[in-house]
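Both complexes below contain chain A, partnered by chain B and then by chain C.
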Partner chain A sequence: MDDIKVNQNPKLGSMDRPNSYIGRSLPRENAKKHLEGGGQFVDDLVLPRMLHVAFLRSPFAHAEIKSINVEEAKTSPGVFDVYTSKEIDEFCTPWVGTLGHLGEMRSPEQTPLAKKIARWQGEPIAVVIANNRAQAEDALELIEVDWEEKDAQVDMETALDDNAVVIHPELDSNLFWTRTVNQGDVNQAFETSHAVVETKLDFARHTGVTLESRGIVADWNKSEGKITIYHNGQAPHMMQHIIAKHLEVNEGLVRIVSRDVGGSFGIKVHVYPDEMAVAAISKKLGRPVKFIADRLESFTTDIHARCHKISGKLGVDKEGKILAMEINDLSGIGPFSMYPRTSAIETNQVLNLSGAPYVIPNYKAVGTVVFQNKTPMCQYRAVGHPIAVAITEALVDKAANKIGISLSEIRKKNFIPDTAYPNKTPSGVPLEDLSHQASMDKLLTMMNIQEIEKEKIANLDKNVLSGYGVISMCEVTNPSPLFYGVGGAHISSQDGASIRLEGSGAIHLSSSITEQGQGTEAIMKQIAADQLGVSMDSVRVTLGDTDATPYGGGTWASRGAGIGGEAVLKAARTLKDNILDIAAAIMQTDKNSLDVENNTVIRKNGGEGITLQQLAETVYYRGHELPKGTNPELLATASFLIEGIPFVFTNSAMGCKVSIDQDTGIIKIDKFWAVEDCGTQINPKLVEEQIRGGVIQGIGGALFEECVYDDQGNMQNATMADYLVPMAYEMPDIIVDHVTTNSGRSIIGAKGAGEAGTGGAPAVIMNAVNNALKHHGTEVLSQPITPEKILKALRKI
Partner chain B sequence: MSAKNSVNISFSVNGENFEDVTVPTRQHLADYLRSQGLTGTHLGCEQGACGACTIEMDGVAVRSCLVLASQANGSSITTVEGFDDEVMQKVKNNFLKHNAFQCGFCSPGMLMTTKEIISSKKKLSRDEIRSEISGNYCRCTGYQSIVDAIEESINEIN
Partner chain C sequence: MKAPDFSYFEAQNIQDAIKYKSEDDEAVILAGGQSLLPALNMRLSSPSCLIDISKINNLNEIKIEGDFINIGALATHSDVMNNDLINEKLPCLVDILKMVAHAAIRNKGTHGGSIAYGDPAAELPAFAVAMDAEIVLSGLSGQRIVNAKDFYRGLFETDLKSDEILIAIRYPFLSHNQHLIFDEVCRRHGDYAMAGLMARVELDKSKINNLDLVYFATGDKPNIAQNTAKLVIDDRYDYEKLKKSLASEIDFAGDLNSSSEMKLHLATILINKILNKLER
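Up next is the complex of A and B:
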């Protein structure tokens, strides 16, 4: 692991000092437990008198429940009871997945179990409660349902047709939400353009496939009137509000605990009907209840993502300067908008982010989001980015090819200059502190395109085609209240940190940011130890417990380091200040002559200091020794939020080289390069791992992953043997480098880094594939880019 | 549960003897081990595709979701909790050094496969390492750091 990277943020002080940890690739000592089998995941939890559930789920995409008989199931061995919506609804109120700040959204009420009509294959309709999961599953087979199958509206492209099946008759059509952005006059600009290029891209549905499935243990304590929910989620305080509201419990008597979480990627930040049912059952029975989704349930009920068809048009002048861009995006979100973040956000991001790196004076974007009888769709890692980046970068490549300039040259001509921030995206979203020019320059140096071109030409007559691509992109990170809170959702955009010196001299830190493996705990520790002047091993961290951490948003949209990290920095600085005040009083000297190094308050000019342990012992146990009036405060708390702008954007440039076997259609990614500008890197190794992991998920979407449905709305590949995820053998090594432009919004200067890989890889791979196919006058415009699609494009099949 | 639905077996886990224990005939080994508090063995798919539940049974890496508990009769089993020998300590140190895991859910299975790779005493190339671990799914890392950790372990140990 790299030892030292130069910290380029002057606000953080020199790295040439004791306890300088920000900017260093330190190993995650706290995560060692995972190598010992000592992780504590939800399914590892066993509580006394705990019951287990299994859900009966709709086998049809659209069907009416004419009648349901659970009596025989109730007599099955080990079964405690069987409930339908009638019993559950008494303990859980319905919800609606709409927000108020993005124009009209129309989505009906949703309940934990479907009442009369099931609207996707996998929607829960009844639940068996038993002594163990196996017994609960046995009893599912004894539930008798008289189904009347209805026509399903599966295809999003016909969802608004006159003869479409209207999934919610009370809404009169399948339209959920639509938005139009119109800046300048695209029609006039296209007319005056030297060249206009067009394309239409298709993105299949895929899903998060967290290795640990969704899980919950709900524990209603009747004697306290309190419910504790162990939940592998990302936003404990959001869940606290949701549970309190819909179970009608005082919010202060809801405790959400998120211990170790086996990957989330946005999948685990939403409110799921089955999890709400489990909370309701626990409240009804006064006993702990566990639900762990099996893999079939994961595939058919975890939110899906993407599912877009987008057309785009780009006009350029004869030099290649972009004059206008127009896009039209259609997305299908299943039968309900997810709660509480809504299923409008992916399309909204497509509209916001398309064209974002470039100066585009005229921009028009239309997004249409419709209901369909498939699994609900919602926010998954890099929300909207893959679609926005792919359509933009595909058009830019086409324009370069049409007017005969290089792929890098057209981008350089059109970037918003690094010196021209603050600025705006073509859609009007504020941008600041970005570096597309410097990042592309660095990428091109790493790639050596001349060599790649030579190899490509040498391969032209061979069976293996070579191609390459380069892309630039903006990445949404560190959202402000303007993302969700403004629309009425109880989702905190602020995060807090609380830090204390304990009697032993140890430091305890708690943060509202949660850990799903990114390294939250490690970076929080680095920031605290760095700012306090203590060793890493003297800091202990508590995360993921609404009873034990400050209030805040949790981990999503790459907000942990930039928002939560800043709160830790501020709290640590305050605590250090308090420590120095107390030390100055004890040591009878000027505070400014003191500092903290290696867990000791030192005299800068030499002489004996006192350890933090000695100081703490004096304050806590022998407070009478302190000079009168000394403030004994050894606990500091701070909060931070982004103000005035919707997001702190990160930017990224990526390149890749691919080989395509013309006989098999198999694409091999020979090399992949990424340059990321996420400002201050608290732990460069962890940043790189976010980028690498993100790229691999992007490769999954680009080449392999698809939730395949038949035309009745049956998912055809809901197993891990049939749904293809990236495995090690097909994946390349990824070369990562950085440009550093600190965010001016905070002292720490960090932006997020978790989305770019997933957001950019699909675009750069598609561009590289089409760069290779260009020689044959063909292209593939649909993801995943399967061997079959390649062979069809090459007219081999 | 009636007698025909269960069976009595004896085996050892990480050197601890499980004598004449009653297990449901339909219970897979992973569920049994987890029911005994050995929760380091994780379940990702329960059909042998993801590799998270990989354990060592009589010296061979097996998917414990595809082995019935009853089939373990007479066998010697090692789970991630039993990895305390010098070789596996080195492997674990390399996993930590290279950050060869994020959420940690795949790690027990990945370590088990690594143990088998190391035991083979072969000097594998990075591509060969990638091939060997292609039965273990990791959604977080992108695999490169895992390959780094295994490569260094091979160089250090073999």
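Up next is the complex of A and C:
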């Protein structure tokens, strides 16, 4: 057994006892299953009488459908039927992507298929239903559309101009949402500042490239009045509500099954028009219908993220203490706000999280979110964090350089002290149990900046420039009802776990948290086995089925371990308590003298125990042997919810060292360091996988990924050959370590760990690059930082 | 992303394939499929028939023929990399192939397919031109040999006639004072380059006697930079001078990852990289 010890949480018991699994880097079983190809993904599912669909998608960013003729397509071999919005709308009501808790949002109704006007390249406008996907695609070519192209509003910066193309005339402008945060008096503080620095950063759109593309099989059973949806989503109970509401089916008769899912990153937690169309088609036809997005569709219809331009200003006193920070952020979200979480959250997080590690007495933030004719944008892993962290940390570096103190010193001067929690972000969001000081200290020890500085100076006259950066950040995890529920969304912030002892002595556990490859199943097993005192292999887990698991929110916003894990812990403790009650009755002794170890109820002071199998057999098969009045409950269910605060925050410190080839502009990340404080680590190996994977996605955003559009709003690089994600060769060594401050909100003490890497890496890489370029008096302020941008900054081209 | 309907013909020998192809204008040859099949799945073309030549015997042989190393069209990139003869006589080709795509693709993609397809960003066409290779084509009227320089005509346009199949590439041996040196710059390892250069250098002691510069990923086909090569021989590396010369010789065509000015810059510094490699 791998004994990577974490700081033990006293509420969880000693690590020296048998079956102490929490805090250990145990291998996860389902990795083996996937390696052997034993997974069951949506596309693996074949149902009798199943039909397949392909969508005709708008080739234009903005165009009117003058007429559409599907007659010839209907006669194509293997085609069952062809529908436009007219047929689909009868079976699916429209939706609106707004919520009530963040001030006024304006977004029009959206239907599965565009009615008269297509508003982004890729928007579905007709659907062919056929015996297989290839035949459906053949028929697409026979649909005749009389298009009238309209001017497209592609650029978000001109979206609010007087002569902008107003995408939804009923809304009179392209404004979706705006928010201002104002704490203290920034103007006055800037006036009294010793130094004021400013910058302006630009983040390209990118997307979440999941290994398994979006997919759905909808199966309407007319005789039962029940619809079963096999869906590779993240939030089955949210989908259950959505399907019930818009297909007008009794919510209790909607079953959502989301078993093996090949990556999600937030991409798969939204409602997509094509998927709603598939559900409607199944209801109309009474047959199972399958849709699997292909790569091209994924690039033009999966949500995009991060399209931001942000300016910032920071004022410091002589010593480098921050007096004020001001940011102004603009973001473009495509033609609709996504449903049901809205496309306001990314900007909202930017405003909430900028400056979060630091004491900043005066803070002002303005966010503006506009419509444009591009693919809809919404929440993707580390929502808003890369922008918030990058603007903050770029300004902090600039201030340090301006007043001549080191990059670590300025941060240490301004951290909210580790002893000063509970506290608040500059924007006013409550913070608890964080450790920026300890984390930065640890990071600096790991990095050895003196050595890096030496090397940097030695390289100054060489062709390869070196630079480094350090950053600190807060990561939003474990959200409470104040995130979505309060705004009217039917998205559960509570999660449940149900655990039972079966006749064979086996333990079965079900949870409303879902698995998309991050190891949810493994940590749930570890918690259950640890708390019950049973071996790992005696626990079986069921996730992702609204007919089989407790009700709850699912997996997003790094909430699985901290919320769902706590529910498992509570349920396991209750079941253990029941087991001990029954055992005490059978063994005719005091409950307190008993414990469970290695699947056996033992007497603490020696003597013969009984196995859980014996106990279960007595309860289930020979219940008459139990003393009268024994409670034979071998099933326990519990729920957990974060109350009183909006989120449980995690913090991290990151560092990296880069080399830049001055001839080619190619950036190499030589090394990356991350220190994360996510409280109790249930499985340190899985935490580190999350951090490393997150950093890789952050490297993607910083150096490679971009949805490139032309002036007409056509995406130019919608293939895996042209949309660049980092591959093995581009991945540096990532050294991970931890500081452990348990969350006081739960017994388990776990905070989330899924998003910090993605949120922080872009900032620290950009800072390191600019640290290297500083010698040449230049900088790059736009991500991805491409070789061409580097060469332009160096005035080589 | 499903290919449109096509029929499929598995050719047992070259004659069958040629016959079939000459009878159907819309039919295309299928070798390793690593370029063709993605194009079909994206519905960028819809051929009537795929003539699969991958099962034809002996078309993947790598052997010495007189003054040449002969690589059969069907030798995969991996076959070539792992071939003893190539490792001994033409080791630079092994290094070049390491930059071509990734292992899984190299296991299927063929030498002949890459040469015949003529992707301007691909390594092998430029290599063939720089090596002054001979391309062996077989058609209804028999075999003919075309010099690689004359084979590439424009963007994905080659001298291959509609009834012809590329059956082999013949590379002349490099003499002891000749070197083929190559370098390229790409965004990610294994990607098509932003710009790449194949240089055949003939040395007289440490002096360059003769130099051929052939670029890839710069224009519509392998781009030969004759005048620039002369400048390099005369006064070695002068960035501004070479850049100017390259700009007048090659019509640099920008793409998603690099603008034409970026390509021009990279093409220039690639000469320096090559010269540095030569010194080592």
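The rule is simple: the second predicted complex is superposed on the first by the 791 of 797 C-alpha atoms of A that agree within 3 Å, B and C clash if a C-alpha of one lies under 4 Å from a C-alpha of the other, contacts with A are read in each partner's own complex, and residues count from 1 in each chain.
What we mean here is this: a residue touches a chain if its C-beta (ideal position, glycine included) is under 8 Å from a C-beta of that chain, and two chains touch if they have at least 3 such contacts.
None of these values were measured; they are calculated from a predicted model.
Student: Which partner chains sit in contact with A:R295 here, chain B, chain C, both or neither? Use first/second/both/neither.
Tutor: Touch status of A:R295: both partners.
Student: Check the contacts made with chain A and report whether chain B or chain C touches more of its residues.
Tutor: B
Student: On the A-aligned overlay, A:G39 touches which partner chain: chain B = first, chain C = second, or both, or neither?
Tutor: First partner only, chain B.
Student: Could you tell me if A:P787 is touching chain B, chain C, both of them or neither one (first, second, both, neither)?
Tutor: Second partner only, chain C.
Student: Scan A:I666 for contacts with chain B and chain C and give back first, second, both or neither.
Tutor: second
Student: Check whether A:A134 is in contact with chain B, with chain C, with both or with neither, and answer first, second, both or neither.
Tutor: After superposing on A, A:A134 lies in contact with both chain B and chain C.
Student: Check whether A:Q516 is in contact with chain B, with chain C, with both or with neither, and answer first, second, both or neither.
Tutor: first
Student: Quick one: is A:V261 in contact with chain B, with chain C, with both, or with neither? Answer first, second, both or neither.
Tutor: Touch partner of A:V261: chain B, not chain C.
Student: Check the residue A:F704 against both partner chains and state whether it touches chain B (first), chain C (second), both, or neither.
Tutor: A:F704 contacts chain C only, not chain B.
Student: Quick one: classify A:M727 as touching chain B (first), chain C (second), both or neither.
Tutor: both
Student: Residue by residue on chain A, keep only those touching chain B in one complex and chain C in the other, then list them.
Tutor: Common interface on chain A, chain B vs chain C: 134, 294-295, 719, 721, 726-727, 729.
Student: If we count contacts the way the header does, which residues on chain B are in touch with chain A in the complex?
Tutor: Within the complex, chain B contacts chain A at residues 1, 24, 26-27, 34, 38-50, 52, 79-81, 83, 92, 95-99, 101-108, 111, 126-127, 129-131, 133-147.
Student: How about chain C: which of its residues touch chain A in the complex?
Tutor: Residues in contact with chain A: 1-5, 38, 42-43, 185, 187-192, 194, 256-259, 261-262, 264-266, 269, 272-273.
Student: Give the list of chain A residues in touch with chain C in this complex.
Tutor: For chain A paired with chain C, touching residues are 133-134, 137-138, 141, 294-296, 663-664, 666, 704, 708, 716-717, 719, 721-722, 724, 726-727, 729-730, 786-788, 791, 796-797.
Student: Could you please specify the touching residues of chain A with respect to chain B in the complex?
Tutor: 1, 27-29, 31-39, 41, 43-44, 77, 134, 208-213, 260-263, 265, 294-295, 516-519, 685-686, 689, 692-697, 719-721, 725-729, 731, 733-734, 757
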